[in-house]
Every structure is written in C-alpha cells, then in structure tokens.
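So that you can tell them apart, the chains are marked A, B, C and D in the order they are listed, and the count of residues begins at 1 in each.
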C-alpha cells in the first residue's frame, strides 16, 4: 500500500470509528435518559451491531436510500440523520426528524436517503423493492440497502422481496444483521440452515458472510455489493454475523442466552476492533467529538418544544 | 366543466380505464403499471383485459409483470411512490388484497404520517370486486375494510365517464388511492349478468379528471335518498323507475368516493327527503353503509322521517351455486319493497 | 350462575387469562398454544407475560414457538382446528394481524361455509390492542376490520372476570374467535397509564365460562346509554361518575362481544334512555361504533331523543409523541362534555 | 420381479390408469357441459397433469389429508371424492360435495381427507402446516400432502410453510406441479432458478424432481416421501414436471405459449404413458368403467335439486 492509500485507509478507519462511537454513545445515553423518564415509549437498541450500519452506510451516497427496522437508531445515525433531530424524535419533540410522529421505531429522514424505519418485521423487504424499481426505471445510478434481522428471514416478505429483486435485477443490497436472536428466539430453533447467506442462492442472488463486528470488513463487502448494484449487476445479500449487547427491548432480562456467550461477543466489540487500528490520541479525539455532538443533541432535544397538539391531525393526507 | 365537454363517444369501463391509463402514461413518464399477467405477450392484458394494447405503445419496462407475490406488488408500488413515481398497481381480484394488507395498511397508508409529512405515497391500486359465481374467494367486495384506514383514499366508480376521470385524478393524487371496480360492469360481457343495462357512457376525447371525494346525484327525487355503488347503483336506479308508478320519487346518489366520503351531498339530500336507504354488494355488518348511516344519525337526526335502512349482501361468504348467490345479493325487488315500506 | 359463585380472589387480566388457558389445557388435551416467543426458556412468556409458567406444566410440545411467520401462526392454527384441535394462537401485537389476513379472512372464516358445513375451525387468536406510545405500527385497535368478516367472532373483554370466562368460551366455541385485549389493562403495569383504576377483578376458583355474544350493563342509568370497550369503558365509567354531579345518570354497557353483537341489550337500553354514545379507541370512520349506530338508527329511531354520538380515536395513524397521542385518544373529558350537550 | 410382485405392479398400473382416465374424461366432459351452459361459473382444468394427483393420492390412506388449489378437480377425484358429488358441486346442486356452496374452486370432502380446495394461490401452503401439526401433536401416523403450482412458489406463504414444516419436522409431502406457467406467466420470467426442487434445500427439506407425466414415477417418489413422513422423518418436496393441456381457465386462448410446445408435451400424455404398460383390452375395459361412472355422475348432477335458497344463510357459524 502506498502512502496515499494508507492515509486514505486511516481516514476511513477514523470515520468508521467516529460513526460506531457515535451510535454506541448515543444508545448508551438514550438508555439512561429512558430510565430517567426523559424519553417515552420503548427502545430497541443497537449496541454491538454498530459496525454493520457504519460499514454499509459508509459506502452509500446521500442520494442512495436505506430501509430500516424496529431497531433503527444506528441505521439513522450512520446514514446521516441529524443527531439532534434523531434525539428530539426519541423525546417526542416537534423538532424531531419526524416531527414527533414517528418515534423510536420510525426514525428516518428522506433528506438523507432514509425512509422512516418500518417496525413490522421484514416490512422494509417489500418496500425496498419499490425503491430499487424506481431507481431502475429512472435509469439513475442510485442504490438501495435494506437492513433486516435474521428473524425477518422467516417472513413471507423476505422471500417475495428477494425473488422480485433478482428477477428484475434491482440495485439492492440486502443487509441481514444476524445477531443470533429474534427477540428471545435463537435462530437455530426457527431455521434448520444456520446461514442466511445460503437462502439467497435459490433466488440467484450472490451472497456473502461478513464479520459484522468489524466495520472495515463490512465496508469492504458492502463497497463491492454497492458497486455491483450501481453498475446494473443486480442485488447482493450480505449476512453480517453480529450480536446485540443489550436486551431485545428495554425490559428484556436476556434469560434466553448465557452471560458467557455475551462475554465472548463482548471481546469482539466493534469499538475494540476499530480502536486496535488507531492510536489512543485519535480515539480520544474522536470520542470527544462524539461526546460534544451528543451533549448538543440532548440539549437540543430537551429544549425543543412539544409538538402542537393540533398537528396530530396533519399529514394523514396531503 | 367536464359535463359541458362535447362527448359523442360511448365507451365501456374497460375501454375508458385503458384510455385513462394510456393518457396518464403519456402525460407523465413516472407513471408505470405493475401486477400479475398484465403485460405478458400473448396473455390476457390483466384479468379483465384492461391493459390490452398498452405494451405495444409503452413497452415492457413500464409494464411490469410480477411473480405471484401480492406483497411485492403492493410493496413495490408503495416504495416506488415514496420516491415520487406514480405506480398503478393491479390486483387480479380484490380478494387477494388480504395478501398485502400490511403493505397497504401499515406502510402505504401510514408513511406520510410517520414521516411527519416528509414522504408522499402517490400510488394507485386497482382491484375488481363483485360476485360472479366463483365462490367465496373470488367474489368479495372489500371496500369497507379500507375506508377504515386513515391515509388511504377509496373510490368505487360505476360508469365509464367517472371511472376514467377518477382514475386520472387518482394517478395525480399525492395519496395512496384504491380503486374498486365491479367485474360485471367492465364491458359488454357483464352487461347481461348485470341486468341488461347499457354499460357504456359518453366519454369526452379531451383530458379531464373527476374529483375524488365528490358524489354524483344520478337521479333527483324528493321522497327518499338512495345511496348505492356499482351494480347496486343500477339496481337502485331501476327500482327508482319502478317506484315512480307508486308516486315515489327516489333521489339516487352514486358516492363514487367512499373515503373521504362526500357527506355534504348525502346530508343535503337526506335533509330534503327525510329518508335514507343505502345499498351495497359488500356484506352488511361493518360495511361502508354503516358509516354513512352513523354519520346521518348524528348529523341529520331531526330530519329523519323513517329509520335508516341498509340493503346489502347478507352476512355470509359468497356461495358458488347460482340460486344461493342470488339469494344473498341485494336485489332490485328488495330495494323496491323497502322503499315502499319506508315511504308508505 | 357465575355471578353467584363465591369469589374472593382478585386477579389481573394477565393472571386470569393465564389461569383460563391452563384450565382449558388441562381439560382438553387438544388445546395447544402457538406463537412467537411464547414459550422460549428464559424468554418473556409472550409479549405481555401471559404464558409465563405454562411451559413448566405443559411442556414445549403443546406450546409451540414459531418462526416470525404470522401467516404460519394463523394458517397452522386454522389448519389444526380444521382437524378438530383447539389452538390458541398468539399475535404479539394486533398490528401484525395484517400479515395474516388471508389466513383469517379467506381461510379460517370461510372454510365452514365453503365446505357446506362439513369443516369446523375452532381456533382462538389472541391479539393485544391499544396505543402505548409506540407509534403507528404498534398501537392500533383493529377489531373493526374483523366484525366485517362473516364466519369470525370477535370479543374484547375489559376485566379479568370476563376475560377468563370469554377466553374459555372461545376455546370451546366451534368457530374461529379473535380475542382483542388491551395492553394497558393486562395488569399492574398498565394501571397508571390507564388512569389509576383498579385493574383486578374477582375471579371465582370454579370453572366458568362467559357467553360470547352477551353484553354486560356495568352501570345502570336512565338518561343516556354509553357503549364502550377496553380503556374507553373505564373512561366512560369515570365520566358517568362525574356526570352524577350534573344529575345525569349514564347507563354504561360493555358489549364484550363485537361480533355477534348483543344488539338486544343495546336496543333495550336505548329505548329506555333515548340517547346513545359509543366510545372506542379504534379510529372513528368505519369503526365498530358505526355498525352499532347504524343498527340503532334502523331499529330504535323513534326512541331517539338526540343524535347518536360516536367518540373514537381521531382518524389518524398513532403518533409517537405523548402530547399527540393524548390529543387523538378518546378522553374522559370529551365523553363528559358530549353527554352534557346531549342531555342538556 | 416375481409373479406376485408383477401382478401387484400390474394392478397398480391399472388402478393408476383408471384414475388418470377418470380425471381426463371428467374434465373433458365438464368442459363440454360448461360450454353448453349446464355448468355455471368458471373452470380451471387439470387435463395433462393427471399423473400427479393420481400418483400421489395412490400412496395416501383415506385418513391422510390433502390440500388443493384453484385447479382441484383432479385432486378431488384422485383422493376419492365421490365422482357424482363432485359433478353435482360443479353444477351448483344441493347434492354436491359442498352442498353447492363451494363450487369448482373449492371442491373437497373431509370424509375422504380432502379439505375444500383453497383458491388463493399458496393459500393451502400455510393451512397444511396445521394439518401436519395436528397429526404430530396427536402422535398419529397420518400424513398431509399439499398440492401447489410452480407459480405459488413466489408467494410468501410458500416460504413460511416450508420453513415451519422443516423446523417442526411435520409429516408433510409438498407436491409442486410445475406446469411451466402461472396463468400466462412462464416460470422463467418470475424465477431465476428453474427448478423448484432447489428451493427446498435452503429449508433443510429433501427434494426430488419427478416426471409428472408418468403416474408410476410419481407414485414411486410419493410412496417414499409419504413413508418418510409417516415414520417421523419430516417433510419432502416433490417437484413434478408437468403440463396443462388446456388454457389456464376456460377463456384462455393460450397466446403466451406455442402450439409446438403443446404438441411436444402431448406426446407424453399421461394416458399414453400408462397405456404403454397395459394391453388394449384392459384399457378399453377401464375406459368403459370410467365412462359408466361419468354417465352416472352427470345424470346424478342433472337430476339433483338446486339448494334451497334458505340454506344460503346456514354454515356461516356452527
């Protein structure tokens, strides 16, 4: 690798670290604020899986699109939803990215190429085919990425979406975040074939298993898949093996998995994996930047007004 | 005004829809078609032939034949609409809408709201309804499920003029619109089954739209207001003719749009006539007639001189045998007798 | 008579349902449970903990944890029921029912009819409803869609006594029964959010069922009939208390079953009070309140001294922000004011 | 093969021929009666595919169950629905197997282990899992077979049903009748992978491609799959390559396929394939038996009364 490439590479790792840290610290902060009663509703958090969102979204342009799930905070921050507006949305404030109407499970912002997240498991898997179809019909070189969990692969929507994307050769990157569990259910209990990547083959879709704890590995796999889609090569499925460090939702005692398993995965924390490629000073600087961004976001959210109740009646129809 | 346009051609609903689709595709390159068996060479042009000839003009890129995957049909239409395209999706029979309820009810209908108004979903879904001796899974009229979904618009045209006009309005509407058409009203084939009425209507050559949300008074009258769609509308019109012999003048209204409902036209009529009968081929309990009755019972109670009557398909799945189907469908004779009792 | 039974225990709805399920599983080896995350070791016992402890007694053979496949949950329940088994299926949130509408509406509901009466489908589907700050796809009350499906029964219990009794009746019913329960009423957690009311009820130790199709007059009164379910029922009861200060006596009715609806109890009440207010958390247009209003406007018109009023969630998807959610929900204050205007 | 086995084999072929002929002549007769206006509604006919229904059902017991599709006449006759009652059902008569309420698309009779057919494409594919589950829970040794077309394999229900049957190891035989078209749509346009058998593999379900024009071949494959299921071995998928000789429904001019293709398949007519294994006299005898059965069925249907209109209100609820 020549000096230029090495520099580029270093910048990329820094950028990835910054995103992963932003998501991690955001989620940890949000959890505290939720426990303290500042954030209403419920939470499905993303700690542990940050490398997937950060790696994939680092290969997308702002005019590329993503769909997301009930666990969307990481996808939103990675795709570039404004951190303060994301936080305000969790607070249910008027300044939130969805004006307080979406909430945690529907974070998103079309301005940066993210549909409000879809909280129906695999719900995004049919919608994304429409994004891909629009791109194809318009002969644009945009790409759509669809995030979904391994649990979603047992929904009919997974099947219909993949098959249609193959038949129409849509510019879609299917990103499965296989974190081993769907709510309390281990994937091994609901699928005899452990690798989701296998499932892509019967649609004629190329697939790849990726280390979902390593943002650089995710980025590399995603870059190739995005490039392939952008050039008219059709869909790819990436199965990112990952782990959520938290419960399924905020009230989950995680009795269905062992602390040992959790500790094993904790060793592969995406922050550790990336930090190993950076020096301490850089990490400290990036963390400080992230902290400042989050302080600002919480301030912004706190100081934002509630939505005017009258707006509850707006935006049903145009 | 569309009514003033010179209109000398008579078209069937199928012809009018085809023309409307073609005009919108010419007008706007973002309009495209998606569905099962709609454009296959040598195929049917859709289950009721509405798309015949369109691939020749527009090619297969804008006429997308899908796998048998209703979730994808609705989901892809919704997704493409979210990026601003104008899909016209096709459901071969409206009974299959139950295979893509999530995409319609949870996604297409709610996306604008969930996004705080940032995302539009200008999609159209066409779905044929009506009993035609095909049994329980090919004869439903599921309009009423969808009037209950905030975010969706629901229309149900009954003649060629309004079918074309409202389809074109639907394509240009920034909201998801479901168009329910009755199988027996598409064209000449249905004529006999629908009671021999003329199913063509004058359709102007000029570009026009008919507004979503506007009812049409098909026949003025002073004694009773009758609200009906599709085949039931023609039965109501025939009943109205019969009843003139009794000295009863029915005001027959085609609501055309079921959501948002043109309550003003209905209220105005009921305030004049003092009586309301609603007729639909959808089953009775929880049908859209209940909503109309409830609105009138709230807003026009003091004007009512008689109970509000609903005549609908009986609350059973569609049977296959002709005698059974006839037994459960709302019949002209029932309309006549109900109105006689109301007014008498 | 259940009312006469010695009943000293107070249970939450979750506890009562759990007990009812266990009793039915003990009584009949053909009863089994099926759904997502219902029996996983170390798991949640279902999204609202109703199944906690059951695997210990009944094992995993009769408590089937499925993949995330709602079509299979509904389809497998329906299929097993067609062979005579008595499945109790679980939908984590009723919003997900839109993923298995075909299985419920086209298959389970119609199979008896299509077979000419030869096939029974004695399945139960439980589905939690209600807004709890989770946004558009986790807060719906979709009861009304299902009252429109001939062949389905729909119940919506609001307290532990009736929840257990009607669940047990549903398990023994030869027809498919959907049980809609409100998330805020399950137990202590919901108490605060539901306005601090006591959510336990006396539940006898003895085996009992409560008949599907029978409404309960929760509070007698002479001035206005109020029909409400779930949280809205408690709001209506609170409003009734408030209104006694105005000298207004509300008769508050819990219909319990939405299909088949106990119209006789409602008609009887309206004929006495001359006024009807319906309250539900489902959205207004096309909600089950419309059907009740329509039936009353047909059968009881001459007794009505005031317009029929429906108070429901406003016609919008569920928003996430607390102030917005509160804005659209039917509030006690609205009930109070509506009734004051009606009676005043 | 010893004499006893040969005799058995011969009896089997005769029985298969009889069933295939019964279905073929039934369908041809029904088509004429439909054109003559005696039979109302519409028709999806089974000519050409008879070997599949006959072969599979010959391996099932009466207390085994099948689910069927919009194209159910052949399945019904093969499973043993009374021919006269099936005919009467098409006529919409009170004596029909569903009392006139089902009609062509919902033929069936639980008395012989056939649910009323399900006319929603892939609709049977989730329902059948419930049949299999009931059998498993009851520890019975029954088996359920699910018939579906290749077009059904693109529905979400196909995917959910197969996966669940694998996970629960249900006693199900999945019988795909790949007749190359779903209505007007060639399978190659809606699936990049031509063999449905491939799709079974990602669920961990064994599968096999079978000559769907040869009832003996179908019977052999089905016998093994049924045996496997009966012994607790779980599901199998059989992909029977076949062809419908008629249009999709009664008004189909078949413009989407060539007459040459039709002629090629006509050479492999299941009747011809079976007749080659029998002598002419036997064939003539079997055909005569079939004709008598059908004459009787038509007479029965014609002379049966219409349902009492009042019965339209019955059987909604028990």
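Just so it is clear, contacts are C-beta pairs under 8 Å (C-beta built on N, C-alpha and C of every residue); 3 or more make two chains touch, one makes a residue touch a chain.
Quantities reported herein were computed from a predicted structural model and do not represent experimental measurements.
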Seminar exercise, completed: Every chain in contact with both subunit A and subunit B is listed here as C, D
Exercise. Which chain lies the greatest distance away from subunit C when centres are computed from Cα atoms alone?
Worked result: D
Exercise. With chain centres defined as C-alpha means, what is the inter-centre distance between subunit C and subunit D in Å?
Worked result: 41
Problem set entry | Cα-centroid distance, subunit A relative to subunit D, in whole angstrom | 46
Problem set entry | Interchain centroid distance [CA atoms averaged], subunit A/subunit C, Å | 36
Seminar exercise, completed: Distance in whole angstrom between the CA centres of subunit B and subunit C is 32
Problem set entry | Two or more partner chains touched - positions in subunit B | 66-67, 69, 71, 95-96, 98-99, 102, 106, 113-114, 135-137, 150-151, 315-317, 319
Seminar exercise, completed: In subunit D, the residues touching two or more other chains are 96, 98, 100-102, 106, 118, 120, 123, 154-157, 160, 163, 167, 189-191, 316
Exercise. Are the chains arranged, by touching, as a line, ring, star, complete graph, or other?
Worked result: complete
Problem set entry | subunit B - residues contacting subunit D, complex | 36-37, 40-44, 65-71, 95-96, 98-99, 132-138, 314-317, 319-324, 326-328
Problem set entry | Residues on subunit D engaged by subunit C in the complex (per definition of touch) | 65, 96-102, 106, 108-111, 115-116, 118, 120, 123, 125-135, 137-138, 156-157, 160-161, 163-164, 167-168, 314-318
Seminar exercise, completed: The answer for subunit B against subunit C in the complex is residues 95-96, 98-99, 101-102, 105-106, 109-110, 113-114, 135-137, 144-145, 147-148, 150-151, 259, 261, 283, 285-291, 293-294, 296-299, 301, 304, 306-310, 315-317, 319
Seminar exercise, completed: Seen from subunit A, its contact residues with subunit D in the complex are 154-160, 163, 166-167, 189-193, 198-199, 201-204
Exercise. Across the complex, what residues on subunit C touch subunit D?
Worked result: 32, 34, 61-62, 64, 66-67, 69, 71-72, 74-85, 87, 102-103, 106-107, 111-120, 150-151, 153, 173-175, 260
